[in-house]
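There are two complexes below, and they share subunit A, which is joined by subunit B in the first and by subunit C in the second.
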Partner chain A sequence: MVRRVAEILLVITSWVSSLGVVAVVVALVAFLVYRSASVLDLQLFFGDVAWPDAVFGGARVLHGIWPAIAGTLILIAASSAVAIPLGIAAGVFISEYASGRFRATITFLVDVLAGTPSIIMGLFGFSMILLLRQTIAPDAGTGLLVAAVCLALLVLPYMIRATQNALEGLPAEMRLLGASMGMSHSQSVLRILIPAASRGILSGAVLSLGRAAEDTAVIMLTGAVATAGGRGPQSLTDKFEALPFKIFVIAAEHNTAEELSVGFASALVLLVLTASLFSLTFILQRSLERLWKA
Partner chain B sequence: MYVVLGTAAAIAVAAVLGMFAFLAYFALPLFTADGFARMIDWTWRPADGSFGILPMVVGSLGLSALAMAVAFPVAVAVCAFAFGIGPRQPARIVMTIVNLMTGIPTIVYAFAAAIILPPLLRAGFEGGTGFSLLGAALVLAVLVLPTIVLVIDSNWQGLMAATRHTTAALGMNPTQHVLGVMIPASRAGLLAAFVLGFGRALGDTMVALMLSGNVPLVPESPIDSVRALTAHISLVMSLEVGGPGYQSAFAAGFILLLTTSAISIAVRNMGRRGSSGA
Partner chain C sequence: MESVVNVQGLSVWFGDTRVLEDIDLEFRQGELMVLIGPSGSGKSTLLRAVNRMNELYDGVRTAGEVTIAIDGRAERAYGSGASVARLRRTAGMVFQNPNVLPTSIRQNFSIPLRNVHGLGRNELEACMEEALRDVELWDQVKDRLGAQAQSLSGGQQQRLCFARALALRPGVLLLDEPTASLDFRATNRIEDLIVRLKERYPILAVSHSLGQASRIADTVCVLSAGRIVRTLERSALQDPGSVYRLAEEFF
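Here is the complex of A and B:
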């Protein structure tokens, strides 16, 4: 009798929970679209400036979210330039070269890094600047470079793990292939294993881009500002605008209904950006599974 | 090639160790007898020279615990749905949506919730601003849900394949299979999922910052405002320069880092025990 009741309860809660989760996501997206509909046009992005002037001519956009989008894109590019090569190289090393104890130690440290809250990376970047100021560079300040390095630290574990998983998931015969053809270990890694694992590695890279794009806690301590002169960052030491930080500022400081609508629209733009990156990761992983199962 | 790759791995290792060292170095002034006593205190009132961060420790733990109290049962129920209780096609749709949820930025949840929830909470409960432990915990629950579901999902996939035919032969229906076999047999996996979810909730900054009200007091009811350690760091860093208040941000960071590292170690050990037992 008790078992029967438990079964019925489980069926009810599983239906209610699943429908609830779907409802929350659908409601969130619908709400964002509904609240931003009134401002969704080119003016949202560029204000009164013609878009080619803003994108290519360096014209200042004072009433639009383009500077924040440009800041986010440059930030993603800069942090990826650090994290992707470093992550792939470290992942290949762990999977193909490191042995025994050393491999276990690095894997463990990567796990710790993956579990570290992003605000800690921000605090780390901030403290690096503090230390630089006290020692060799009294003028050092937060900016694009510091933010990019800290974001790179945040996404590095995803990149390392993806590379590691992609290599370790390869069929065992593939490891024998190089040796049977008289290749050295490094030749086999470079010419056979990495190309074969490239789709998995790529999905890790795309996932890293998404994580770097969405993070707010890191950049709020390392140089993101509410307005940066209407342009994307011009140098690596510039303060910058970024989409997630813009949304945060609007939440805290909006005065009019229109500003709030711009906040919802910015959230929608960011959601579209990260959701497409994550969907791409998902599709890459799916196709990868199919590739080796066939 | 070995050298290049080895250097990359060494840089990754140095980054993690460097982060620990930095935060320890900057938190160090606090770990003198006097500074420590000042920090481990129940009052945060910088104007009067009180810099206790215990209310924030309680705030962080309370937020994460309440969020998990909601998110964990829901996550298990969603997995039960996906592993046999729900019809095949809806089950697949639910899991796809949970996967997509990992791609929704935290700031998007936080922004939408900061506009919608507080007025509702103000209307539903007497008193307070609506920026509360309860509101922040509900949003955090949504935020950590996909993490928990995906960990349980990967744990259950192997278990499902191994037990499905046996239970079917015994005449169990899918509900009995989940309740009688899957849940009891995956206790270690469920625990790991819980701990990982708790760690994610603890490490979140934006939801806590934008929804919990940030009042540095120990909450007495779910509709009281609280301040999390993560939010404390970002508030202190944006408001103050220098002084003991400033150092408390590093102390908060150090506490967080120790806690989340301990969680990573715990999950790792669980995984080891789980795999050796199977």
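Here is the complex of A and C:
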């Protein structure tokens, strides 16, 4: 009888919990839409500038969030370009090549990195620039590249751990298979194990993209600014606008209700942006997997 | 007849535990040798010592010598300068559970054949068809080579594994309890296949079943606690009395 009740309670709890997650997400999106509805139009993005001029012509957008969108996109692209390949490579190394004490040491260091607060990563980048200015590069300054590298450092452990877990979770007999057919270890890793683990690796990439898109603490110390002349970053050393920092600034300094609405709209845009990136990553992974399976 | 695999004074340790102790074994062209014994007796370890698969586990130490005929020449498997990849290519292996890749039937052939033999597309198709015909699977899968291998039945998957091993042009087959996970009917088909393949390849198989061993083997080696304690030839296997005594003694 007690067992029966416990079972029913368990079923109810798990239903309520999963519905709760759905409810929270729906409520969040609905709230953002509700608060930003009054400003959701092209003017939000580009102000009074015609959008092709802003996107392709480099026209300055002084009243719009386009520069922040461009900044965030380029920032995510740059930090992913560093973190995703490096993270996959490190995860593959730990899972398939390292052994014994060396492996334990690296795993521990990855854990330390994963536990480092993002503000510390920002400070790291900031002090690095100070050090460079005092020594070999007196002209060095914070900017897109520094921010991207520090963000990459922040998301690297997610990427490493996801890759490592995905590979280590493969069935033991699958690991033996390549070797038993006379494939070299590297062939086996590249042609069998990594493709078979690609879904797990994808989840690491999604987590990394999301983290890089939303983080504010790192970029506010390494080159993000409230207004960067109405344009997206033109070079890797430029100061840049970014959506999360923009939202932070608006929340802290808004004067009118309309400005606040722009903040909510920016949050909504950031949400849509990351969701689109997730879908893109998902589609990419599934196409690669289909290629391997076919 | 010339010996294809010759094992001399083989001992294997996993950590501090000695799993095989001073094994001598020889099997020849055209011979089907079956290793039986209670679980933990070291029969799979002996099988995997031939193609050095034990080395994929941590803390393994091997002493003694295994000589195997590769492309007609006797080579020392554990000699310095021996190519492990070439050795494993020569010894086609089939596992206990059907070990298909989670890909299409076609990719199960093209991934190993491309990487191991560097075959192009046309050779690959021919090679795959021949191997699938050998295991009598071709007619069932020829119209759906792009289907997932895991959508086949257990017995079909295991025959696919045999075909994949054959496509790699082995010199000897190593079978690690190939019917242990299959039902009665699928087991029969695999046993028929093994008996047929014996004409072309020397086969070393591990079996969990004394009945199976006496049905298909030319020679049966009984292992117990890491040693070969009895070797029986075909004639002795036909005598139900001696098989019964064997079962009484070791199982």
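Quick note on the criterion: the second predicted complex is superposed on the first by the 243 of 294 C-alpha atoms of A that agree within 3 Å, B and C clash if a C-alpha of one lies under 4 Å from a C-alpha of the other, contacts with A are read in each partner's own complex, and residues count from 1 in each chain.
By definition in this document, contacts are C-beta pairs under 8 Å (C-beta built on N, C-alpha and C of every residue); 3 or more make two chains touch, one makes a residue touch a chain.
Only a predicted model underlies this, so the values are computations on that prediction, with no experimental measurement involved.
Once the two complexes are laid over each other on the shared chain, residue contacts for A:177 go to subunit C alone; subunit B is not touched. In the superposition on chain A, A:97 makes contact with subunit B only, while subunit C stays out of contact range.
Residue contacts after overlaying the shared chain place A:77 against neither subunit B nor subunit C.
Using the contact criterion defined above for the overlaid structures, shared-chain residue A:115 touches subunit B, although it does not reach subunit C. By the document's definition of touching, of the two partners only subunit B reaches A:28; subunit C does not.
Touched residues of subunit A were counted for both subunit B and subunit C, and B has more of them. Once the two complexes are laid over each other on the shared chain, residue contacts for A:272 go to neither subunit B nor subunit C.
Touch criterion not met for A:37: it reaches neither subunit B nor subunit C. Across the interface of their complex, subunit C is touched by residues 99, 173-184, 187, 191-192, 196, 292-294 of subunit A. Every residue of subunit A that touches subunit B in the complex is listed here, in rising order: 3, 6-7, 10-11, 13-18, 20-22, 24-25, 28, 31-32, 85-87, 89-90, 92-94, 97-98, 105-106, 108-124, 126-128, 130-131, 153, 156, 160, 186, 189-190, 210, 213-214, 216-217, 220-221, 244, 247-248, 250-252, 260, 263-264, 267, 270-271, 274-275, 277-279, 282.
Listed in rising order, the residues of subunit B touching subunit A in the complex are 1-2, 4-9, 11-13, 15-17, 19, 22-23, 25-26, 73-74, 77-78, 80-82, 85-86, 90, 93-94, 97-112, 114-116, 142, 145, 175-176, 178-179, 196, 199, 202-206, 210, 230, 233-234, 237-238, 249-250, 253, 256-257, 260-261, 263-265, 267-268.
Chain contact summary for the complex, subunit C toward subunit A: residues 51, 53, 56, 58, 85-90, 93, 95, 97, 99, 101-104, 106-107, 111-112, 115-116, 146, 148, 164-165, 168.
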